[in-house]
Amino acid sequence: MQLGVIGLGRMGQIVVNRVVDAGHEVVAFDLSAEAVATAADAGAEPAESVEDLVDRLGDDKRIWLMVPAGDAVDATLDELDPLLDEDDVVVDGGNSHFEESTRRADSVEAAYLDCGTSGGPAGAELGFSLMIGGPEWAYEELTPVFDAVATGPAGHDRMGPAGSGHYVKMVHNGVEYALMQAYGEGFELLAEGRYDLDLEAVARTWNNGAVIRSWLLELCEEAFREEGNDLGDVADHVAGGSTGTWTVQEALEQEVPVPLIYQALSERFGSRAPEEGRFSRRLANRLRYGFGRHEVAREE
Amino acid sequence: MQLGVIGLGRMGQIVVNRVVDAGHEVVAFDLSAEAVATAADAGAEPAESVEDLVDRLGDDKRIWLMVPAGDAVDATLDELDPLLDEDDVVVDGGNSHFEESTRRADSVEAAYLDCGTSGGPAGAELGFSLMIGGPEWAYEELTPVFDAVATGPAGHDRMGPAGSGHYVKMVHNGVEYALMQAYGEGFELLAEGRYDLDLEAVARTWNNGAVIRSWLLELCEEAFREEGNDLGDVADHVAGGSTGTWTVQEALEQEVPVPLIYQALSERFGSRAPEEGRFSRRLANRLRYGFGRHEVAREE
Amino acid sequence: MQLGVIGLGRMGQIVVNRVVDAGHEVVAFDLSAEAVATAADAGAEPAESVEDLVDRLGDDKRIWLMVPAGDAVDATLDELDPLLDEDDVVVDGGNSHFEESTRRADSVEAAYLDCGTSGGPAGAELGFSLMIGGPEWAYEELTPVFDAVATGPAGHDRMGPAGSGHYVKMVHNGVEYALMQAYGEGFELLAEGRYDLDLEAVARTWNNGAVIRSWLLELCEEAFREEGNDLGDVADHVAGGSTGTWTVQEALEQEVPVPLIYQALSERFGSRAPEEGRFSRRLANRLRYGFGRHEVAREE
Amino acid sequence: MQLGVIGLGRMGQIVVNRVVDAGHEVVAFDLSAEAVATAADAGAEPAESVEDLVDRLGDDKRIWLMVPAGDAVDATLDELDPLLDEDDVVVDGGNSHFEESTRRADSVEAAYLDCGTSGGPAGAELGFSLMIGGPEWAYEELTPVFDAVATGPAGHDRMGPAGSGHYVKMVHNGVEYALMQAYGEGFELLAEGRYDLDLEAVARTWNNGAVIRSWLLELCEEAFREEGNDLGDVADHVAGGSTGTWTVQEALEQEVPVPLIYQALSERFGSRAPEEGRFSRRLANRLRYGFGRHEVAREE
């Protein structure tokens, strides 16, 4: 089949490659001519504009957006959707908020599939896990493409109506934060604890048969191998956090307690505290003087 | 080589089977004659007593204990150790506290290996992950047995001196609690959330390429398949908790924060609250009346 | 001075009483004629409608709204504001979200003061703590009223511009949730712990000189005195949660970790879990079978 | 009545002063001659040794120990107890672990009262809250002294048998950690939040009539007044933690969830993390590269 791909960053190029490799035709566009050239080298047909891309596609147009979540999606749709009709299908493969996706699904002319994509650039060879929301017929139409981008037929599924794909992906990411922090707590205890341990060996042993084996634990093993047992100069600064924040927001709205996910998100915020430190702890320090006349630790 | 196995419960039988299947000789003993017979059917040489088991082993005796952690280990050692000398090796494959293991390693005549064993009965076919502490020579002597019981050479390693095997296993279990609860939070949000989702399909899609794929997630998938999307009559009652408690206790002593592990353990405690509920929340309910005259919810 | 009061529920009547008692004139209106009559008995001049209330006030109109947060505030303003000009002042003494208050301050003709009110019905005799946002001149104009409604001059202050009063009140409530749960944890441990304690005596002893003495702890003492040492039939069901939810939402936006406040809010959600219990814990229960073949606890 | 006081640090001197001021006779001893001289200036009879102190007391000896918890208590008792008989009473007014207190109560000849003391040096003028465990007759014998040291009769009570005084004090301190951190979270959100607030004014307004008013909140108000709105050079380093750790350990043993207390304790540990930061967060930082190729933040 034939697929248009708009947005040729790291993840977009992987989509192009996997779909081309599966024997499909790809028409590719990006604002960067260089990115388009890279896609062309990989076997895609280059397009010069969104309009040109649409023109190069046949009657039933299937188009994959892999642009940054937020305004870029709306800007692309503003340009793209007037060129499409209700038999066409647009897939948003980025990390959009599910409410944005339901809004877009309602407002565009084309059928709209929101597609949560997990696996990251590191998943390029294996293929991704795709969580998809939207009309069933559109999901079925795109199945050959999803087979190619995912790890295979088992690596994608239709979760439900519009928004459900990005919803499930949002929760996935919340869980991801908590898993990372849980492994981190274990390794922190081992690193600070009473034995002098080879953490790569610990991770490797666990990855071979232990209950807690996982891909993230394989990435821990890799991290210790590449950075050293003490993680070298890796800083205590965890970036990101938007999908985790969305997860907690939704859990608040649903009144579902998610203390582990919340705590993992909080650790990210804590790692980005102002230079003078956490105000709450500075106040606790001072209060211990207030009632107990304990000496106040002060910055030099 | 030749191995004595004492303790032929579910896990002990698996050890017997795997070591026999790897072509080694096994002499097996348990207080239950029936368990000994089962081991004999699997190809082990039955022993009638601890003393008989020792007699049947050659000069350099290697003995695997798979008895419940606690008094049973000490009782077995009281009987066994006087029959051994410093060239012999005892492996404790159970979930002993690491401080018990260092105490035993100091007090027994034989060389002592503490061996944390992960993978559970469900790991019978694949083999286990073995985290081993104790003298290097003893670990090397037992390597053929560890190769057989573990998933292979990568599935076992010597963590360090006495106690370190059970120490690493303890932390493994603390992490395990947190991982289970993290997945649980995600699925709870999906179950209570705004879409009507097939949780088995979600788990399967995640297990194929998603960042959070893992063995525990495969077990979630299995749980939804076997129990249904709403987990049927599975109760909100999580048993166990000793190794998680030990992990938190050690983290307190090392002053390492492990809030996710602590929270996961707390959920277990919470699931076993008295029938009238959690006192803290009952008090909060009443306090809301105290200042705000909000109606007090009462048991009927 | 002269004050109009609209909304004569429990808190509104207290406002009327305190302002009348301080020697000011009060004109009072509520949709319930009975509530108006009660206010009249207390010395207020009754009004028959919002319009009538405005008519009865002098040139510079000062009006206190004590209606439920949300649509009722907007509905009242829709009726009231067209009758006012920029020299008039409206106070919203309810629990409105601070963003609603800034929106209203921007859109109404009159000067707008958002006034967070703490102390609850139980504070009727002592007076309240008032956290006020809005124009300085309006705050100063209303000072005699605030002196009367608050515990006195120290019991009210202008926090800053529009919205800041309700903002500080929101955070106050988040802290309140955490304090209640913190006391609850302590008393739960004492109730379940190894001594047979008289919790009212504990609370009384603490309230006399201990570091943790507070009004909430006095309310704990009262709760044990009135409900008994085991809190009798007080249920594990904590209602409410909106201001705590707002606090966590704002903390997410500001990337400030508030794990204690979050946890206290989560306990409320947990106390209102579906009858079959928390899904996360039911899954953990089942997973323990998955890897360890531990028996699954099931509902009868 | 007559009281011997051993241990004349800050808290011991306050005990001397309050008991002397109440009209009782005090015999005072400390290893520091200077401390003894201070007590003598305050009206106590100086003693030159433990033995001398005992000699100076009448037939029924009542002795208050105010020495640091731990070995100092045992060392003092080793010297003191052989000089006492079963009609004498020893009070341990320090922060001993309750299990140490039950052990001591069992092993000393004299009657033993464990007395948790709250209020800190800042409570010198008001008097303390005393939580007392041990034999009823001994508690009654000492009542005049407790009346003097406490805020009055309401400021002390017998909690139960040996150990219960220090048990209740331990839980008090666990709650104290959580309350401090709860206020800290609130003020942190206000400090980092969207309004430019005068935190001393916030605390003062809350302390006058708000639900969350308390002595700790008065100490917050004092802290902002003395250190400034941004807490100046007060460091993010919270010392202490032993009684909080004991509380969590006991809660683990009783299987009572205390997530707020645990989290507050964790914040203390976190404030004392190694210079390179929290290992768990450094690992999370690196894992984000592992799957997502996100740039790794590194120390310069």
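Should a chain be cited, it is by its letter among A, B, C and D, assigned in written order, with residues numbered from 1 in that chain.
Definition applied: a residue touches a chain if its C-beta (ideal position, glycine included) is under 8 Å from a C-beta of that chain, and two chains touch if they have at least 3 such contacts.
Keep in mind the model is a prediction, meaning the values are calculated, not measured.
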* Asked: When you check each chain against chain C and chain D, which touch both of them?
  -> A, B
* For the copies chain B and chain D, give the interface type as same if over half of its residue numbers appear on both sides, and as different if under half do. => same
* Asked: What whole-number Å value describes the gap between the mean CA coordinates of chain B and chain C?
  -> 48
* Structure fact -> Between the Cα centroids of chain B and chain D the separation in whole angstrom comes to 39
* To do: Could you put a whole-Å number on the gap between the CA centroids of chain A and chain B?
  => 33
* Asked: Touching two or more other chains, which residues of chain B qualify?
  -> 119-120, 123, 181, 183, 185, 188, 192, 211, 215-216, 256-259, 263-264, 267, 270, 278, 291-292
* To do: Within their complex, state which residues of chain D touch chain A.
  => 10, 119-123, 177, 180-181, 183-185, 187-188, 191-192, 215-216, 219-220, 222-223, 227, 230-231, 233-240, 259, 264, 267-268, 270-271, 273-274, 276-288, 290-299
* Structure fact -> Given the complex, residues on chain A that touch chain C span 211, 241, 245, 248-249, 252, 255-259, 262-263, 265-267, 269-270, 272, 278, 291-292
* To do: Sort out for me which residues of chain D touch chain C in the complex.
  => 118-120, 123, 126-131, 133, 150-152, 154-157, 159-161, 163-164, 167-168, 171-172, 174-176, 178-179, 181-183, 185-186, 188-190, 192-198, 201-202, 204-217, 247, 250-251, 254, 256-261, 263-264
